[in-house]
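As written, the chains take the letters A, B, C and D, and residue 1 is the first residue of each chain.
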Amino acid sequence: MANSKFEYVKHFEQSNATHLLPNTYIVIRIDGRSFHRFTAVHEFTKPNDIRALSLMNAAAKAVFHDLGGEVVSIAYGVSDEFSFILRKECNLFERREAKLVTTVVSIFTAYYVSLWAEYFPDKPLQRPLPTFDGRAVCYPSIENVRDYLSWRQADCHINNLYNTTFWALIQQGGMTAQEAEKELMGTLSKDKNEILFSRFGINYNNEEEIFRKGSIIYRNYAAVPDSTAETEEKAGAETAPTTTVTVPAETQKGKSRSQQKREAKKLAKAEVVVEHVDIIKDTFWETRPWIIHWTLGRPNEYAGTSQ
Amino acid sequence: MANSKFEYVKHFEQSNATHLLPNTYIVIRIDGRSFHRFTAVHEFTKPNDIRALSLMNAAAKAVFHDLGGEVVSIAYGVSDEFSFILRKECNLFERREAKLVTTVVSIFTAYYVSLWAEYFPDKPLQRPLPTFDGRAVCYPSIENVRDYLSWRQADCHINNLYNTTFWALIQQGGMTAQEAEKELMGTLSKDKNEILFSRFGINYNNEEEIFRKGSIIYRNYAAVPDSTAETEEKAGAETAPTTTVTVPAETQKGKSRSQQKREAKKLAKAEVVVEHVDIIKDTFWETRPWIIHWTLGRPNEYAGTSQ
Amino acid sequence: MANSKFEYVKHFEQSNATHLLPNTYIVIRIDGRSFHRFTAVHEFTKPNDIRALSLMNAAAKAVFHDLGGEVVSIAYGVSDEFSFILRKECNLFERREAKLVTTVVSIFTAYYVSLWAEYFPDKPLQRPLPTFDGRAVCYPSIENVRDYLSWRQADCHINNLYNTTFWALIQQGGMTAQEAEKELMGTLSKDKNEILFSRFGINYNNEEEIFRKGSIIYRNYAAVPDSTAETEEKAGAETAPTTTVTVPAETQKGKSRSQQKREAKKLAKAEVVVEHVDIIKDTFWETRPWIIHWTLGRPNEYAGTSQ
Amino acid sequence: MANSKFEYVKHFEQSNATHLLPNTYIVIRIDGRSFHRFTAVHEFTKPNDIRALSLMNAAAKAVFHDLGGEVVSIAYGVSDEFSFILRKECNLFERREAKLVTTVVSIFTAYYVSLWAEYFPDKPLQRPLPTFDGRAVCYPSIENVRDYLSWRQADCHINNLYNTTFWALIQQGGMTAQEAEKELMGTLSKDKNEILFSRFGINYNNEEEIFRKGSIIYRNYAAVPDSTAETEEKAGAETAPTTTVTVPAETQKGKSRSQQKREAKKLAKAEVVVEHVDIIKDTFWETRPWIIHWTLGRPNEYAGTSQ
């Protein structure tokens, strides 16, 4: 075959073909490329554009649906970035880094572009089109994953408080960007809260949850019929109310294989919901133990014999 | 700052942050995900759909334009895959693998989705949307890069001859897919040529160049005004005629830094063209030495002092 | 400086400078290179040479001492291989893979060569000198690490039963190597036990523990004075009796930082002991919880805020 | 088999199993660990100890011999470090990084320890024993490899001029280390040369070549009988005179496979020599083209079809 003398070049692929460590949580974080310019060209509302955030969330939900029920356990979005947490038993693409990260980026990009007109009906997409880069990071423990998400949500708070004050000084206070920047230099959180309240009558805590907390996306296992869970209203829930689950995280250990399979099926049917709640404290995780406490779906071949 | 106790999680990024080896050619190859199903749902013409190939080429040209004049030196596309060859002096994103590969995949995806309606006006995009995965491979020498491209073009030939015969047996010969597959089992190239000619009156060599050779995309440096190059008609050129260049590849070595800068500027202005010609033999490369023989654009800090 | 124009070459180091994932157990396994030939030239006793195994253990103990009290938590040796388990909070050399693995290999080699004459006084070392290669693997959980060690100890058992029978057939049964190999083809464990017992009067279970179980090396924290631990005789202990510890693994979680520091100091003083006991069952680990259940020494910056 | 349920742990090895990029030069550099303390304990002569450097060279020659005729093309040593350049066609251990680097470190360590008594007959080795760490770096071009070696040799010069002056100020000038350090702060090369000459009557250029140039080790292909090369005296050659070779580097390209095989055999027979000459200028390389200009030994499967 004429091709055979060239096929040696495939061998070079081996040198950059990272397999992500098994039995760890994979975080894939995507970021908008040159979004400073993109948001200016498309006249995003400042400091936050609800249309843009809703579009981000819609694209993120598409990642859940495209990858299937058991791959992504939770996602967190803020501004032009989104983090997808893959289950530690995930073996998609044999955990090949490039395949995983490019696939998530490609799905996200495709839906962002495709759904644009739905969220910005009066703003045709201009070139260069919106694009995203991505990276994968592994975390070995639940504590690490929760700290990762806490890091992003704390960042959301810090940035949003700054931006809210910065744009109030400009939009309501008549300052230039330079003046606002100078005004905020060296200020603490309480100083910004004070500026907002005393000068502009804004109580920061009354700002929209989606701006202050970011967006949390996951499958609402507890709301699937036939569950014994009771419904409970939850502040900040955008799509569906979250329900408390009586089964604590610890009971997962004694579960039989067939029970885990039933749970996996139920999870795959669960609706993908978007909420804007605190994920730093324990409550969120204790009431939704299936997100990271449970092992669901395919058996984790790499978990160890005594688990 | 409330965020600081969580920031340790950034440190984990270091373990999967590959920097591609400097002074090597970077090949980024993207592939359509689940395109077998996608092409069926969207009723692509078999064995080749000229609308789909033109859309692929348009998305690939967008990668050239988005990344700027000096990053991609040449790209080769066939079917639902595209390979982008980055200059060996490329230092974009400090050669971070994840950034490079996700950026190319995201640009390609964005334009593929955005331009769809232009190429398939009567076929609205259905879900799941078309997406692509990607990978990066480094090649140290010009010989390796040319062999990589020869490998893809030889593959194009082998697959296209098979597919052309396979679909002739079905579409004109009335066979089922199983029957056609069985008929072709164990056949050589000359057998397939014979089947095409004797049964269906098809001379394979008269098939469209784009189907037989794939698509080659590059910046047509030689056609930029003020060049001394003479224009020459070239079979298979889709966009612009390629011109011969009198300066042979070897003269690059003695070039001054200012001459290289002039050439880089000229290259950035050069039109991105699509051709369907042989890139296995030497002719293509000898008549377009700027593609891989010349070092253009930013100085290659990693080339070595004696180059 | 004349050197500066060459210094760009340092930049290439970045492409192969892996940092092992934080908060995971690092296993460094070393293997004798070409030891088949080496053992023949130096006339090692078959199937096991107690001098050679003792030399391996002495070299492994040197790795504990050279790297200091808190780096290696346990090591397991069999034949010409040794596995060193580094604590998951280990941050030596910032977890750079090449530094860690070459350092362990170099220490082991240096002591193996240097101590040779002590264990083989009548066999001068011949060239090529004994050398070892090594590799590093990360494991995220205690279960994974225990399974790794169980894998090596089960392998020890399988190989040693085979070798014991193989050499009995040759040394006592007068067979050639080919005949012995053929005799054992397809036999199960019980068949080999039966051959040993019925033909040669050997009860495999009475063979030396060091041959059947391999060598386990760790710091005997419980035997350090001022501990409340009670001494207990343990079969297979070569150096010092291991003592039971009343504090179960779970109590580690509530420990204060100062208590952990005290424990780390105590651990650093603890004697490095060699045993030949079962490490597949739970008993070994439950009675020595400091080996992998406790976090000792330097604080694990990467463990997560809620641990 | 009892072992099978544990064998999944092998799968984790895949995540840290780097294969070095084919068709590149591999540089393995080893460094003495804690040699500052080691040289003090063993009372090395300052600024240079000829016994120690000779021992380093002997250990480095052992690496050439142990790895066989075609793996290492040249090595460069200075102080307690040594760099080994592997041929770009090297496929030893399938270019697995950990195997390559640990093997070189282990061989070097074994011979350093074993040969110690020969070079330091009156200084028994004390613990901790001398050990070395190592790393691997790939370089795609001859220019990069030469610049790497130039970097090390320029560093040798800079350090040795400093150390020679520093120790002259102490040993002959009666200064303390602090005083000497202060004296040299901010001085240029010519200042140090002046200090040496005017205060101590030392002409730096008359210092030993081994101190000023470091040690270059390679196989002296040209000196193998049946070569047409003529012998020529060369300053700084320790072992064997190097001979000029009339065949220029460029003729390599037209060589037949059988001629290359003859040359490879001849190279394997060639004596490993140690020299202390300039390797920054072209002369060294032009007169010994087999070192990096020739492809010898096993065919380079990854060089490309047109080479």
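Just so we're on the same page, a contact is a pair of C-beta atoms (placed from the backbone, for glycine too) under 8 Å apart; a residue touches a chain by one contact, two chains touch by 3 or more.
Values in this document were obtained by computation on a predicted structure and should not be read as measured data.
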Could you check if the interface between copies subunit A and subunit D is built from the same residues on both sides, meaning over half shared, or from different ones?
same
With centres defined by CA atoms only, which chain is the most remote from subunit D?
A
Centre to centre, by mean C-alpha position, how many angstrom separate subunit A and subunit B?
33
Taking the mean of the C-alpha atoms as each chain's centre, how many Å separate subunit A from subunit D?
51
Roughly how far is subunit A from subunit C, centre to centre by C-alpha average, rounded to an integer in Å?
42
For subunit D, residue numbers touching 2 or more other chains are 6, 8, 12, 15, 18, 20-23, 138-139, 144, 147, 150, 302, 305
Parts of subunit D lying in touch with subunit A, wherever the complex brings them together:
5-6, 8, 11-12, 14-15, 18-23, 301-302, 305
Per the contact definition, I'd like the list of subunit D residues that touch subunit B in the complex.
21-24, 88, 138-144, 146-147, 150, 302-307
Subunit C partner contacts - residues on subunit D that touch it in the complex:
1-3, 6-10, 12-13, 15-18, 20, 30, 33, 62, 65-66, 97-99, 101-103, 105-107, 109-114, 125, 128-139, 144, 147-148, 150-151, 154-155, 157-158
